[in-house]
Amino acid sequence: MDFTISTYAWIIPLFPFVSFLILLVLGRQMKGIASTISIFAMLLATVSALLLLGETLKNEAQSYTSSVFNWLDIGDFSISFGYEVNNVNVLMLVIVTVVSLLVNVFSKGYMADDERMTVFYSYISLFTFSMLMLVISDNILQLYIFWELVGLCSFLLIGFWYQKKEAKAAAKKAFIVTRIGDIGLFIAVILLFWYMPEHMLSFTAIHNAFETNAHGFSDGMVTLVALLIFVGAVGKSGQFPLHTWLPDAMEGPTPISALIHAATMVAAGVFLVAKTYDIFLASETALLIVGTVGAFTALFAALIAIAQNDIKRILAYSTVSQLGYMMLALGLGTMAAYSAAMLHLFTHAFFKALLFLGAGSIIYALHHEQNILKMGGIGKSMKVTTWTFAIGTLALAGIFPLSGFWSKDAILAQAYEHQPVFFAAALIGVFLTAFYMSRLFFLVFTGDNRSGHTPKESPWVMTLPLIILAVLAVCAGWVAIPGIGTFNEWLVGETMEEKIHWSILIISNVVALLGIGLGYKMFRNKTASSLHEQSGNGLQTVLARKFYIDELYDLIVVKPVRGLGAFLQLWDEFIVGGLVKGSITTTRQIGKMGMRLQSGQMQVYALISVIGMLILLLIFAGRRLI
Amino acid sequence: MDTRLFAADLLDMLPELTLFIAIIIISLLDLFWPKNASKKGIGVLTLIALIVSAGFLIYQRIHLDGVISLLNDSYLVYHYGILFKLIVLLGVSLIVMMSFGAIRDKDIPHIGEYYVLLMPAALGAMIMASSADIITLFIGLELLSISSYILVALRKHHTKSNEAAFKYIVLGSIASAFILYGMSFLYGMGGSTNLFQIGATLQSLESSFHPMIYVSFFLLLVGFGFKLAAAPFHTWAPEVYSAAPTPVVSFLAVISKAAMLIFMFMFLPVYFVPLDPVQNLTIYSDVVLTLHVVAAISMIVGNIVALMQKNVKRLLAFSSIANAGYFLVVLSTDRPGELVYYLVAYLLMTIGIFAVVTALENSAEHQDISIFSGLYFTAPVTAVMTVILLLSLAGIPLTMGFLGKFFILLGVIQVKTYWLAAIMIVSSVISFYYYFRIIRLMFMRSHSEHTTIKVPVTTMIVIAICVVATIFFAFFPQYMLSFIEWT
Amino acid sequence: MLNSYLLLSASLFCIGLYGALSKKNAVIVLLSIELMLNAANVNIIAFSKYGINPSLTGHVFSLFSMTVAAAEVAVGIAILIMLYRNRGISDVTKMDVLKK
Amino acid sequence: MSGQFIFFMLFSVTAIGGAIMMLNMERIMYMIASAAVTFLSLAGIYVLLHAEFLAFVQILIYAGAITILMIFGIVLTKHEEKREEPKRRFYHISLFAGVVGLFAVFYYVINQSAFPAVTREIAQDQTKEIGLLIYSQYVIPFELVSILLTIALIGAIIIAKREGK
């Protein structure tokens, strides 16, 4: 075999790992250059990933698998520690390295004042390493291992500002909620282990077994395994009903939100489902559930986003909603929908990272103000941020010809062909997305400055990543222009017949423009006083101010929608929040009971033992004898 | 079938004999040790004795062919027994090394005796691994127990420690009485002190004896659960752990536990008594079920109560109670290989973390969990190694702790005890939380307790050995597994 | 006849346990534990005459257990003396400085 | 009623009586004396069980050594004689229930099991036979016990020793 970069793909994760080790061991002495080390390592990783991409573009779609060493050999089974390079993996590699590089650069400015910068960069490096390893894992156990590690990094980074009570609480919540998903995935791994022929856990083996139907599973078992895997994905990708940790995770530093909680880690759930797609294809039920959960999440997270005032929380719900789109597409069960989901993952990573970093730039300029009602008029003084943010907004809204348009359109077209209900949900979602984004945009960038600070454009280390991401947010979708782009064939490896639904192209654009228009009408050039009055007594204002159009919209569209959003938020607070609180209270109660046993009286201790023994004896021996 | 011991047989007992002779010689040396000379010399000699003994063990393993049985099947030299003994020796050696820097004169006035006492304790544990005779098992157990009572009591000027020692010996003796009483029933029904013969006789007994067989097990369970620190027999552990010298605590947490596992490993086969041949039901299945329940209670109680602890050693006590639960799970699935793997993993991470604790508490002069705060900024290397040990204890991937638990879970799921698997997963998830609390403390800059921390070189070596092995055998479990599976 | 011996031993065991768990005086607690060990010895010796396959092994067994009991009680008393010297108590219910 | 049974009744009544007295006596010296009575009665029981050697050892170790040790313990630790009943009623009730439950279990178990009524005559020269057993079959525990006693000796000395400060 000729020299190929694929063979050396394992080097890519090593760069951030080495940077992690350096920062960890020598961190204190090199506080000044911590960021440089990390950025340099990421640069190397990005270049290698791009080289790898170049190679896979040249070649026919083929996958390269290699086990580095046999990790476990017990009795009759063996699990190797290896890596796999195929087009899906390479796509993810590129996303992760590029976004991570840009976030690294951005953080140099954003975190400049933080005294624990070294720790921050070491966490980021560790995260990037784990994420890259997750991406190139060749078997599901290995994937699980790094799945846990990225979760760990996420946990640490959400609670990075441990002095903040909210950050601590958010880390705790993320911990408990995502754990539920992880347990599901872990059980799925063990079940796969026991039931797969010859205990094989590699993705290739899973693919082969399910494609040829040569697996040892009963139908029910397939559904169970698929759903357990999906539970893992739901936890990580913030799908309903485990989404609640993601908006809270915004308590972490903003660059982290961009990297982990928007572009990469949360997409791991989608990636996992994509990797084990053959299992899902084998079960109709599982597919339907995936699609339904996705569609529901896409819609309802968008609704909640409308009711939010915190800039990062709006973006977080938007992320949840967009991940819902990807799940929706995966639930359709066709290869075209599959590649549409991956395309959306690809484009979303860039424009969402752009939006988050843009938000970071704003927050930085406004001295950590996050409430959009207290912003406004930033457009004049922060030109770069404004323009790039606008591009991100349009891309997310799905306006032609930006990247979000193509990927969202691909999903819409597939939904239209296979599941009209999902299509309807997705279309409403498009409208809502455009609406809440334009609300965000106009409240922040136009109108009076309500923040009490004079914003200054951020330093170039922060604006440069924004510009690069903006370019990507514009162009990334062009790889898959229907009829021209070759994304589908490249990804899936087979040519697909594509119908171009012109009507959908147009409808989705119109709907998105409608949403933006409504937002424009309602939130453009707000002054502090008008905002205040709007939230005050409604009907009197209508008559007095004679803003008929605005207020009519408000009354018949926005109010109900926002009401619904608020209602759905109750789910978050009471059901999931209650669950989290409940589990904490229960453990605390058991803990207190256990503590009470420690009375210091040794005779009591002995009696506890004797009575415990008697109870066990009566239960387990008694049932045989009586 | 010879009931006598010949000089040639002594060759098969060389590892034990080495310790036996070392105990006599070193304790005599200790008597005549120069008054003003450092007692570390005694420790070094002890370490040498342990290493020589381990060397003989390895030699014995290499030349082992099948099972060597002495004294009418009452003393066995076999593969897993040798592995257990090696684990015991490894653990005690690490503890001796840790003690060089950790044990201070003002804490323990009799350092020489401290080192000497570790040897009979190890000898007791080693004898238990070889013995198929209940008398020898009992004596081995008592040798271990009495040595550890004295070890706990060695911190003479520390009133809390005195009290803990007294509680420990009273409760420990009650546990021994239960064990002895249970053994007396086994002896009566089995008509022999040899476990194989007891097992054979019990199987042939008529059903009227079944209640007594059950009772004998539950009597043993009290003592077993007590010394393993499994709930609900665990209540002594937090007190004794928090008051005893830290190296002794790691001895209790690792060696005592390992010895009790060997003990039960020997006894469990006795209970293969058929109850109902049609349903293939044996007393053993009830025994296993009981162990599962005890395991579940231990995991839940240990992990949850640990959440509430502010004292590091109490926290680790509850963590070791939870680990007793994991051990019970693997013990009842009857997979000695997994048991050995997890035992090694547990040994490394526990001794490693106690080595860290001993350095920190000596520097801070208290045991509050805050001794960890800001560690990353005062002693980064130690902090990083501590993180790895804690991650292993929490069972995070790429550590031995994870693989060990993974193996245990595979076994549990294979025997289809799903409820136990669920409890195990959920409770170890809970455990993440308190381990992470410590990790987070270490990375807090503002609250740093210490200005500088001096970790003694020997302690550092112990920590490093534990960390490196924890990582190495997670990436290359093959090396260990092939040694465990060696036939 | 065996049953009578076994019942005697069971009673002694239970009385010993009761004493160990109810008496406040540390010395008496230790003494009660000795009673429990003694009960086990009665069991063993009774079994070595009347049990299944009677033999002298039981005698050896109880010989050992008596030795162990003596060693245990010696250490126990030593620890108690040390504790008394440092804290001035010998009442087990007052030993609770370690509770949390 | 055989003579053996009469003696058994006599010894067991004194043994259990001594044990109960031990728990109920007012003064500590009386408690120890009652315990000694129990230990001596048990030696009698051993004689009934044809364990003369053990009966001898029992008198030596229990009635002798251990009782003396206990008296040492009493003398070296002062004891307030007055008994004020602590308010641990719930504890005492559950303790009583636990112990009675345990005894009930033993009672049931002992009465259930049907041991064969065969007894084999044990060798006449017990001391010699026991010695032979110890030095052949049980030589390992015997050697271990020697270590154990040494350790206990050393331990007891260093623990109880007053540290010169």
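All chains are identified by letter, namely A, B, C and D, in their written order; residue positions are counted from 1 within each chain.
Keep in mind that, in the parts below, contacts are C-beta pairs under 8 Å (C-beta built on N, C-alpha and C of every residue); 3 or more make two chains touch, one makes a residue touch a chain.
Everything numeric here is computed off the predicted structure, so don't read it as measured data.
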From the Cα centroids, identify the chain that ends up most central relative to all protein Cα atoms.
-> B
Where the CA atoms of subunit A average out and where those of subunit B average out, how many Å apart are those spots?
-> 44
Separation of mean Cα positions, subunit C and subunit B [Å, integer] | 25
Can you give the whole-Å distance between the Cα centres of subunit C and subunit D?
-> 6
Whole-Å distance, subunit A centre to subunit C centre, using C-alpha means?
-> 64
Listing for subunit D: what residues touch at least two other chains?
-> 95, 99, 102, 105-106, 110, 115, 137-138, 141, 145, 148, 151-152, 155, 159
Which subunit C residues sit where two or more other chains touch them?
-> 13, 16-17, 20-22, 26, 29-30, 41, 46, 48, 51-52, 54-55, 57, 60, 64, 68, 71-72, 75, 78-80, 82, 92-93, 95, 97-100
Tell me, which residues of subunit B touch at least two other chains?
-> 135, 138-139, 142, 146, 149-150, 153, 156-157, 167, 170, 174, 188-189, 211, 214-215, 238-239
How is the touch graph of the chains shaped: line, ring, star, complete or other?
-> complete
Per the touch rule above, subunit B residues touching subunit C in the complex are 134-135, 138-139, 142, 146, 149-150, 153, 156-157, 159-160, 162-167, 169-170, 173-174, 176-177, 180-181, 183-185, 187-193, 201, 205, 238-239, 242-243, 309, 311, 314
Tell me, which parts of subunit B touch subunit A in their complex?
-> 167, 170-171, 174-175, 210-211, 214-215, 218-219, 221-222, 225-226, 232-233, 235-236, 238-239, 275, 286, 289-290, 293-294, 300-301, 304-305, 307-308, 337, 376-377, 380-381, 384, 396-398, 402-403, 407, 409-410, 413-414, 421, 425-426, 429-430, 432-433, 436, 439-440, 443-446, 475-478, 481-482, 485
Please give the residue numbers of subunit D that touch subunit A in the complex, ascending.
-> 91, 94-95, 98-99, 101-102, 105
Along subunit C, where are the residues that touch subunit A in the complex?
-> 17, 20-22, 29, 92-93, 95-100
Subunit D - residues contacting subunit B, complex | 105-106, 108-110, 112-115, 136-141, 143-145, 147-148, 150-152, 154-155, 158-159, 163
